[in-house]
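You will see subunit A twice below: alongside subunit B first, and alongside subunit C after that.
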Partner chain A sequence: MNHAIISCLHANLPAVEAVLNDIDRQGINTITCLGDLVGYGPQPNEVVELIRKRGIATCQGCWDEDIIDGLNACECSYPSQLAERRGHLAHQWTDDQLTDENKSFLASLPTSLRRDRLLFVHGSPNSQHEYLLPDMDAFAALERVETAGADILFCGHTHQPYVRELRDGSIRVRLQNADHDCDQGEELTLPMRKIVNAGSVGEPRHGSTNATYVIHNDATDEVEIKEVAYDVARTCQAIVEAGLPKVFAWRLSHGFEFAEQAEDASHVCER
Partner chain B sequence: MSQTWLISGSPGCGKTSWILKTMLSHPGACGYLRLDGHSDIGLEQASNSGIDQAFLKDQIPQLLDLSETQHASRSQQGDLLALIELPQFHSPQHADLAGIDPRIKNQLEALQLQPDRHLHFGRDHELPSKDKLEFQKLESLNLSLNRSVWDPPSLNTFWFELVNGAYGDVYRAKALMNLPDGRSMFFNWIVSQESSQFLPLQEISDPNGRPASLSELVVQGKHLDCLRIQSTIDLCLLNDAVLEMHQMPLRDQQKEAIPSS
Partner chain C sequence: MIERWALVSGLRGNLKTYDLIQRDLKKTRGVTSLFVLGDLVGPERNCDALLDRLKNPHRGDLKPDCIYGWWEEQLLAERGFRGERKADALRLSQGEDAVNALLNTVNPSNLNWLASLQFGFIELDCALIHGSSSDVGDNLTSETSPLILLDRLTRLNVNRLFTARSTKQFHLELTGGGINSQVKDLNGKREQQQEVPKRSVIGIGAGLNYTLYDVGSDKTHFLTAGSKTNPKRNGFA
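So, the complex of A and B:
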């Protein structure tokens, strides 16, 4: 059966509506959302209410967490002073707009969702703020999936969709027993694991302005990355009218592949 | 034998790069002067920021500043190559020296400079022609950034946004920017080139507070949103406390590297 995974909606209502319409047209009834419903975009209440109305299973993203817990959630995850200051502006604006009811909804979201051998998170199983980049060290990537006890890990956060297959993984364990003279060793060969990044519905950064999401077939494990065009100009106009930084609209209207990355993308905040 | 050449061309045609290359291949002394060009209808010249002078002086420390060097002193340098840079939008109507604008002639006479040759980008084949640009309308913005120090990843983002049109249609941008480790970076971009040129200057300041070296941004283009450029820069510059956080470990490293006597 096909099911759809969406992520990083970022308060961009036209993009969310276009993606949900695309999913509906294919007759797909199961949708999982990997969080970041708000942040940067101009329609935070509208997007949260649409997700609530549709009853879409959702886990909490880093922006959803920050809106509830305040900016101290992870200041250290900003890649630059400029990104941090712009992020604070967007945070303040979003905080002012969101209704208490919608904030309560964001606060109620789990940090992960599991269906059998499939795990759904925003950033990584460790943190909503950790980036699982496509070129991340293979052992570290495998460790994230294996430790979480999943065959396929669905994530977002990077805004760049990808499917990464981790084959031929093995872990060698050597145990030195003080009571015995001999060492005990064992090599575990791991079956193939997969990381699937859904990209971003509301703030794509993969070199196109199109929103992205993925469809997974849980019988065949086939994964398809989907792109959906939407009315970008409408969102950009709403950003400007809302008084959010104009550069957010500019960024959205170009879909640049360029994105700031933290010096240590796999940093896990220990606040 | 001493030679004095006037090198003119439109913004971003490669005048300073060509001058540097020519000077580096000249065996004798070199002198440099950058003149203010004159604006035309709809075409605004950037004011003389000193970026080119500072960049060339960094690359060629013994470079003579022709605006400060007396005629007699220049005459003593038998093999002096004096290159005078002039931003000029349109090609001169007459060849070689006859094509020099009378206003420029007056400026040069006041400095006792008499060009032997006048080469113009796009007209004279001795100069490269790949970056010949014809502008119809051009606004200019000069921002002094002296004593400002950038958060390096923020500078990277700002420059990307600037040259990709986040603040208007930028045709030309160049700058000298200070980094917290004491380095000064020369940034250079023109719309006809695919990528920016980033060159660290050879002279490095001590990581001890705000550097005294020249720092400036020059942008030329259309519909420039100067207020948003300025406000974004304000978000990127380090305050004293954060600058000290960057520099203190660097000073400690320097102390460790120098053995005590």
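So, the complex of A and C:
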């Protein structure tokens, strides 16, 4: 059976509607959302209410957590101080806009969802703020899936969709301890595991303005990355009209984040 | 001079044990540094005399460089040095009596010094931490999955991790292996191969059991303070 996984909606209603329509057209009934319903975008209440109305199983993203717990929940990974200030502006604006009911909904979201051997998280099993990038150390990536007791880990947060299969792994070890004088050599065979990143519906950063999501077939384990065009200009207009930083509209219209990274690439937030 | 480190943990207020280790070290050739990897305090006895000795070494003592461990973390949390966190892990595992016992073992005048201790040291390509890069309470042993050990090393980008939380003495070396991965995205597919780097996790022991590490030869020696000889406790290069 096919099921769809969406992530990082970021208060972008036209993108969310386009993706849900695309999923509906394919007759897919099971949808899982990996969080970040709000932040950056101009329609946080509308997006949260649509997800609630559709009864879509959702786990909490880093923005959802920060809106509830305050910015102190952030293990900050903004690429520059300027980006961080803009992020704070968006946080404050979103906090002012969201209704108490919708905040309560975000607060009620679990940090992970599990269906048999499938695990759904926003960032990683360790944290909503940890990025599992496609080229990260393969052993560390496998450790995240294996330690969580999953065969396939679905995540978002990077805004870049990918499917990574980790296979044919082994680690040889040699041990000496205080009780044994002789070395004990052995080899651990590692299991095959998969990480599926759903990309972003509401704020793509993969080099295209199209919204992305993934479809997984739980019988064959095949994964398809889907791109959906939507009315980007409409969302950009709404961002500007809402008084949010114009760079959010610019970024949305390019599908990249590189401009912010260039401003202060060495910044590491120590908050 | 070729460096030789002494690595100690789990003193838990026992000045007699520390004194025996210092006596051992005076008789051991070439020890250049003494690292105390946490658990300076514990609930069993008053710890102030040991803390005073660590802060103010006796003449002839090898000067200790200390970090905090799991017991200090519990104490400092309960005393309000860790924001809203309390000694929840201790409370959960050993109950309220253990928390109260711990609070009574350290004079409040020593708390600021304990709170000033670091989480760990990075020396050369070695990490010296009570638990691991993941958590001060991370209990790494020779039984821990090598995948997890490799992860803890990778997080710090070091080749050797000295850990104390388990109280065990072991030297587990990752000697080889690899993994293949395939990444598929909207630009297509790409294959990646990665080999296991040669790295080690060393459990240094606790209390009377301590470890010497020869930096130049990468040899570990598992020792017990006060024992006359340690003939077959050498680690491997």
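General observations
As a working rule, the second predicted complex is superposed on the first by the 236 of 271 C-alpha atoms of A that agree within 3 Å, B and C clash if a C-alpha of one lies under 4 Å from a C-alpha of the other, contacts with A are read in each partner's own complex, and residues count from 1 in each chain.
The definition used in the following text is that contacts are C-beta pairs under 8 Å (C-beta built on N, C-alpha and C of every residue); 3 or more make two chains touch, one makes a residue touch a chain.
Since the structure is predicted, the reported quantities are computational estimates derived from the model, not experimental observations.
In the superposed model, A:H254 makes contact with subunit B only, not with subunit C.
Of the two partner chains placed by the overlay, neither subunit B nor subunit C lies in contact with A:A219. Of the two partner chains placed by superposition, A:M1 touches none, neither subunit B nor subunit C. Of the two partner chains placed around the shared chain by superposition, subunit C is the only one that A:L190 touches, whereas subunit B remains out of contact.
For subunit A, the partner with contacts to more residues, out of subunit B and subunit C, is C. After overlaying the two complexes on the shared chain, residue contacts for A:Q81 are found with subunit B alone; subunit C is out of touch.
Shared-chain residue A:F139: touches subunit C; no touch with subunit B.
Contacts of A:R167 after superposition on the shared chain: subunit C is touched, whereas subunit B is not.
Across the interface of their complex, subunit C is touched by residues 134-135, 137-143, 146-147, 160-178, 181, 183, 185, 187-188, 190, 206, 208, 212, 223, 225, 227 of subunit A.
Remark: subunit C residues 142, 145-148, 150-151, 154-155, 168-186, 192, 194, 196, 203, 205, 209, 220, 222, 232-233, 235-236 touch subunit A in the complex. Taken in their complex, subunit A has these residues touching subunit B: 79-83, 85-86, 246-247, 250-251, 254, 256, 258, 260, 263.
Residues 151, 153-154, 156-158, 160-161, 164-166, 228, 232, 235-236, 238, 242 of subunit B touch subunit A in their complex.
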